[in-house]
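The chains carry the letters A, B, C and D, assigned in the order they are written, with residues numbered from 1 in each.
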Amino acid sequence: MVDFTPDEMMTIAASRLLTNEDVCFVGIGAPSAACNVARLTHAPDITLIYESGTLGTAPDVLPLSIGDGELCDTAVTTVSVPEMFRYWLQGGHVTVGFLGAAQIDKFGNLNTTVIGDYHNPKIRLPGGGGAPEIATSAQQVFITSKQALRGMVEAVDFYTSLGHGTGGNDREDTYGVKTKGPTALITDLALWKPDPETKEFTIVSIHKGVTRDDLQATCGWTIKYADNVSETPVPTELELTTLRDLQARTAAAHSGK
Amino acid sequence: MSLQDAVAKYIKDGQLIALEGFTHLIPHAAAHEIIRQGRKDLTAIRMTPDIIYDQMVGMGCIKKLIFSFMGNPGVGLLKRVRDSIEHEYPRGITYEEYSHSAMANAYEAGAAGLPCAIFRGFLGADLAKVNPNIKHVVCPFTGEKLAAIPSVQPEVTIIHAQRANKRGEVLIEGIIGIQKEAVLCAQKAIVTVEEIVDDFDDMHPNTCILPHFVVDAICVVPGGAHPSYTHNYYQRDNVAYKEWAKISADRDLFAKWMEDNVMNVGPEVFEGRVAHLRGAK
Amino acid sequence: MSLQDAVAKYIKDGQLIALEGFTHLIPHAAAHEIIRQGRKDLTAIRMTPDIIYDQMVGMGCIKKLIFSFMGNPGVGLLKRVRDSIEHEYPRGITYEEYSHSAMANAYEAGAAGLPCAIFRGFLGADLAKVNPNIKHVVCPFTGEKLAAIPSVQPEVTIIHAQRANKRGEVLIEGIIGIQKEAVLCAQKAIVTVEEIVDDFDDMHPNTCILPHFVVDAICVVPGGAHPSYTHNYYQRDNVAYKEWAKISADRDLFAKWMEDNVMNVGPEVFEGRVAHLRGAK
Amino acid sequence: MVDFTPDEMMTIAASRLLTNEDVCFVGIGAPSAACNVARLTHAPDITLIYESGTLGTAPDVLPLSIGDGELCDTAVTTVSVPEMFRYWLQGGHVTVGFLGAAQIDKFGNLNTTVIGDYHNPKIRLPGGGGAPEIATSAQQVFITSKQALRGMVEAVDFYTSLGHGTGGNDREDTYGVKTKGPTALITDLALWKPDPETKEFTIVSIHKGVTRDDLQATCGWTIKYADNVSETPVPTELELTTLRDLQARTAAAHSGK
């Protein structure tokens, strides 16, 4: 068996959730890597959309930004940004929206806007970008996040994007949102899915070598576990090679060659 | 028209301006010219205030930002903007914040001559609580409550594009982003281009081309998008984007960099900056 | 999939359907297949109900039209539609009428997943008095009263396009009209094409291409737009448009023409009809 | 001097009102001929837009429909129909909208919808098409019409598109429309312009050989004349040759060659 890092496990666990039929609205970083690993392994026909307007892209190298030339060169077509948000996202064609965040709570509400008060910020973060509408227009949302106490918090300082709100049916009852919302949280330590009733994220599978103490030490709320918690299958040779090759090509390209 | 003349003629202190380019075709040379000419108190719109607005904020040109994502894409935060927001250095700025979908709709509505944009947005999002310009209208057919925001209507928009022809038409291709809408929603539009050619014969019939009557100034600035890129001309300078994190993090280093690379040079330096990025693409 | 199978599978009596193509790329072969299969009570949307809806109305397939301009473009009126409206022959039809701007906005809003479209329209126009689906909303920022109409949301849309590739993507170029929106606003979409090719390599990056996941059936019907045209394949048959005025003006002549040219033939006849129109373009 | 028909005079008189700086939204028939004669004579840089999406087109042959291939082949670019109506017309870029009608009243209100009652039509006409919004979004409107009693009426049966309403400032006061509306009516017998105060069309120039009796005999309202009525200059050799060549090329093309 090959060695792998927690980051690699996170990316590969996320990639496994994607299918050939998915139309993914992809963010930069771990989501981009996960989507492209899926495309290069078990889901060659997956459709990847980046908010810059590239539809059905198949980059050989991971983009640094969501608008790198590589995305356009390999896309089925490239549309304007208004069209991307109006027709493709709001129009309901995106099956999976991939989000990350600086803060996440146990219901998958995300904050990428501000730490502290909005009008008197302690740390001003980049803001929502596409997230507020990806969170509600995509048919479901996958979230990737490294576990850490400052990131996985009891309550986010700011709802940049809606998850399951205060849990249960709050998402639809309070906000009228009919899409599924967050259906998976993939961290560097575990795979989480929302409880069918409460919608609180519960751990369904733990990555190899990780203990329940490790998990709780890096999470700001008291963790709940699903009835049957399994061990996440370790990366296959193919998955790991695909991810590492992709990252090596990317590093070479971004270093200016 | 030279970029110096275009900025001198059209950009005035206190204006509402937009510099657009969604990762691709960002008008860096024009932003530098605005900085060099010392414009002040600008209200600056941009979906993704990245390095150019970090530079303009850091040099004190901007009093207010209207935006939806403020970061050095794929790299990190904008340290000059943060310094301005968190410590009022070199001056405090205010900001009006939206989502990408909102800004895209607001540009679209501006191009369409409408006062507002209507879309399904900000459901359960706190921005609707802190930005008083996020309102709602009710669909008269279904009763659905939809988000409403003012359309974008800048006094001047600046974009960078591949090329113009002698009739004053402008070609944009690749990631076309929000550029067409940004030009159409503005009272005046300045476009920097890589080159001017005789004509656009043999273009695909549905290519994004701006006719002459919506463009007020065309300025030839080869490399004018650097470190952003121009599809079919030169690639993105990812190394420069990564280096910016270091420059921007330090007030003195920033000041020195701006002095050397902006204040004491002119638009003609951009051509050299992209020389090593031409080729493959 | 064959056109026969696609129509049999997706088009049902009583449905809300749209056949689009703005002068260019009108799906005549598909309309004929619907007529041959005897569909009834359709509510049929189309900005410009020209010959195809004249034929479908004349054959009694349609109970209601939703439209903005009803004519044989450049030639005259649609006599079968008039006969139906003025004399209930072969049956009476109702209609819901808009302007081009309204319909274009309604398709756009449907593609954007919105329940309604908002635009500056029908100012001083009597259609707003006779169509109860023309309502208004007030801009929450300026107080301007804007027209509001329901978005177009057909159960099935049919269009004709240049070609598809083996991945199921569809290329549309030239006068693209409202076709992309018509497909995106529908629950199901059928596309007839001139041919299927291996791939779309070397296309311009911003070409209008529909990805496979928004198209439910692709049917190869060479010449399937005739007497409309297909850019890069064959020209518009202006002679046939002019002749239609005569055919449509007479109930018996119409019945005979339909018998000979629609009921007793199949989609394969279209290829021959455009043979003399290929070439130059 | 060459002979010319009233139709030719109408088209040529209309063409003279156009300038190099104009951006015209062109209908089919006389407007299309007038715009292209202008382009081929004194206004080579005029921008012609057809509602099918062709922007800056320069057809060698007059189109039979507003979406003939010739328009796309010679256009600067061709955009979608929603873009045409949203960005280019409603966005305010059209300086001149060219309209015709089955019925017109003295304030330039037009009817192409119905003769008789809307719900119980005597004659059902094609409908408005682009006209309702061209009439209010174009910076000004030119109208071409052959004079006839059934066409030039005291009151139109249906306001397909707004002219000056009931006259005076009705257009802005009642409907809030800030564009100029109809500024010229070009018929086969005369050139009409709205009175600055009442906005009623008054004759400013009469085509050669036409009498005031001819004019009144073909107009359903009592005609008013401007203070100074001139004779419309007859077509020049160039104008007439240009128009006839254009029509000859068109006839050849539309006959199927």
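Couple of notes before you dig in:
The working rule: a residue touches a chain if its C-beta (ideal position, glycine included) is under 8 Å from a C-beta of that chain, and two chains touch if they have at least 3 such contacts.
Only a predicted model underlies this, so the values are computations on that prediction, with no experimental measurement involved.
A straight line joining the Cα centres of subunit A and subunit C is 40 Å long.
Subunit A and subunit B have CA centres that are 28 Å apart. For subunit D, residues that reach two or more other chains under the stated contact definition are 72-73, 78-79, 86, 90, 137.
Of all residues in subunit C, those touching 2 or more other chains are 108, 112-114, 119-120, 144, 174, 176, 180-181, 203, 205-208, 231, listed in ascending order.
Contacts between chains form some other arrangement here, matching none of path, ring, star or all-to-all. Interchain contacts (touch definition given at top) occur between A-B, A-C, B-C, B-D, C-D. Looking at the complex, you find that subunit D touches subunit B at residues 21, 23, 47, 55-56, 72-73, 75-79, 86-87, 90-93, 137. Those residues of subunit B lying in contact with subunit D across their complex are 108, 111-114, 169, 180-181, 184, 200, 203, 205-209, 211, 213-214. Those residues of subunit B that touch subunit C in the shared complex are 112-116, 118-120, 133, 135-142, 144, 146, 148, 150, 173-174, 176, 203-208, 231. Interface residues of subunit C, counted against subunit D in their complex, comprise 22-24, 47-48, 67-71, 73-75, 77-78, 81-82, 85-86, 97, 99-102, 104-105, 107-108, 119-127, 130, 144-145, 174-178, 180-181, 208, 229, 231, 235-239, 241-242, 276, 281.
Within the complex formed with subunit B, the residues of subunit A that make contact are 28-29, 51-54, 63-69, 71-73, 78-82, 84-86, 89-90, 109, 113, 118-119, 121, 123-133, 135-137, 158-162, 165, 171, 174-177, 253-256.
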